[in-house]
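Structure, as structure tokens:
As written, the chain order gives the labels A, B, C and D, with residue 1 at the start of each chain.
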Amino acid sequence: MRKTEPGMTPFWDYIGMKETKIEEAHAELRLDITPELHQRRGSVHGGVLATLIDGAVGSAVRSVLSEEEISPTVELKINYIRPAHGEYLVAKSKLYHRGKSLAFGQAEIFDSNGDLVAVGTGTFMILNTK
Amino acid sequence: MRKTEPGMTPFWDYIGMKETKIEEAHAELRLDITPELHQRRGSVHGGVLATLIDGAVGSAVRSVLSEEEISPTVELKINYIRPAHGEYLVAKSKLYHRGKSLAFGQAEIFDSNGDLVAVGTGTFMILNTK
Amino acid sequence: MRKTEPGMTPFWDYIGMKETKIEEAHAELRLDITPELHQRRGSVHGGVLATLIDGAVGSAVRSVLSEEEISPTVELKINYIRPAHGEYLVAKSKLYHRGKSLAFGQAEIFDSNGDLVAVGTGTFMILNTK
Amino acid sequence: MRKTEPGMTPFWDYIGMKETKIEEAHAELRLDITPELHQRRGSVHGGVLATLIDGAVGSAVRSVLSEEEISPTVELKINYIRPAHGEYLVAKSKLYHRGKSLAFGQAEIFDSNGDLVAVGTGTFMILNTK
């Protein structure tokens, strides 16, 4: 199983995003909410939530790839349900489909009260680097 | 015209995103590419590009709002065209529609060579805070 | 519970789409596959699948509305997983959120073998006609 | 240039959708509004508009393909701006990008008064059938 560790993805480290679970076709990411991540009205910026969706679905995709395969994002879609406040956010993802050249999955983001704050999907291309 | 200045949106400042132009229903944002913004393969992380799309369309929406109106993002969609490298990125947005309670716009992101790296759209809710 | 019956939505009738189940925040639609619904290579046209997603999520939204409320579609997103063949299609939807002015849900489409052919989401506006 | 003629796509014929212009990376489709295409409140069903977006972007994609290449839809996104009424609809599309295995484009739908009723995008896979 291909894990994402601190030091591997600079932007994940910069905003404090961590992969906390990785299983076949599923992943979980966690992000502590700090003031730098706020938008103008004091909740977490939508771009941070988009980064969590991309990261969580991307981890679920990588969980089924070999070491030689990479998977850049093709497209990302996020629906924002309620403002994200509190201590931390958790994103839980699942893979819907892994084809020969594309993979598609979904992720849900919950706040530290367990309320759903956003839902998103992503399509990723599977490329062999060998 | 409602401008976004440094100090107003913590996450914009944290990643170095600036509103460089704002006109009726149009906006332009700029972001200098720094190593913290990279994904694992050395180009700009897709979450940063999503933040640029959200910000650029959001600025175009705010350009037609009154001081009492706010506009949280309802949904965001991004298509990634090519890896984003180089010195800086520019996002150019236009508003497609401003209704009574919703606004919808589009943004394109170009790298410092003028190549298109991503295209996205966003729907925003218009709320009166008075 | 607000049901959709034959005769209420001309385009549903024209393509043979039926609401077969409606519960609080959930719905199920069925469509028999006929040759008129094909695209050029003999599977069901993507526009038909989009109609099923819109219809299934729309039914889940209507399940929580009062008689005076209507809910036009704001935006729709579909990911196509595999070509849709066989006897019939079933779309199963769930509502993710019902706010004051917007509702958001998801639907999955299965073919008569039980294989997933498409996944989609929709945002709907809630308007009071009184 | 690969044209779409009546008789090639059953569902286009069934709803009366026609390709009226095809140029390098651009296409135009037309649909006469008939009562079968209505949703419950008497405007054109959102699934019909989704079919127009898919068709218009798909034609723009095919305009740059060889005879051996086919291009199934990967994902489709539509934003509905206003109810579609009147005599006919016109969809105008442009290709944003044609890569080795994917193509991405956008389409706008106008009613017979020239008002914008919907905007959408689509990603298509490019497959060689030889």
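Just so it is clear, contacts are C-beta pairs under 8 Å (C-beta built on N, C-alpha and C of every residue); 3 or more make two chains touch, one makes a residue touch a chain.
Remember, predicted model here, so these are calculated numbers, not experimental data.
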item	value
Option reproducing the contacts of A-C, where over half of them reappear, out of A-D, B-D or C-D	B-D
Furthest chain, CA centroid comparison against subunit C	B
Subunit B-subunit D separation of Cα centroids, rounded to whole Å	27
Subunit B and subunit C: spacing of chain centres that average the CA atoms, whole Å	32
Gap in Å, rounded to a whole number, between the CA centres of subunit B and subunit A	20
Where subunit D touches two or more other chains, by residue	74-75, 77, 79, 123
Chain contact topology (line, ring, star, complete or other)	complete
Complex contact set, residues of subunit C against subunit B	74-75, 77, 101-102, 123, 125
Complex contacts: residues of subunit C adjacent to subunit A	77, 79, 81-82, 96-97, 104, 106, 116, 119, 121, 123
Of subunit A, residues touching subunit B in the complex	4, 8-14, 35-41, 45-48, 50-52, 54-55, 70, 72-80, 83
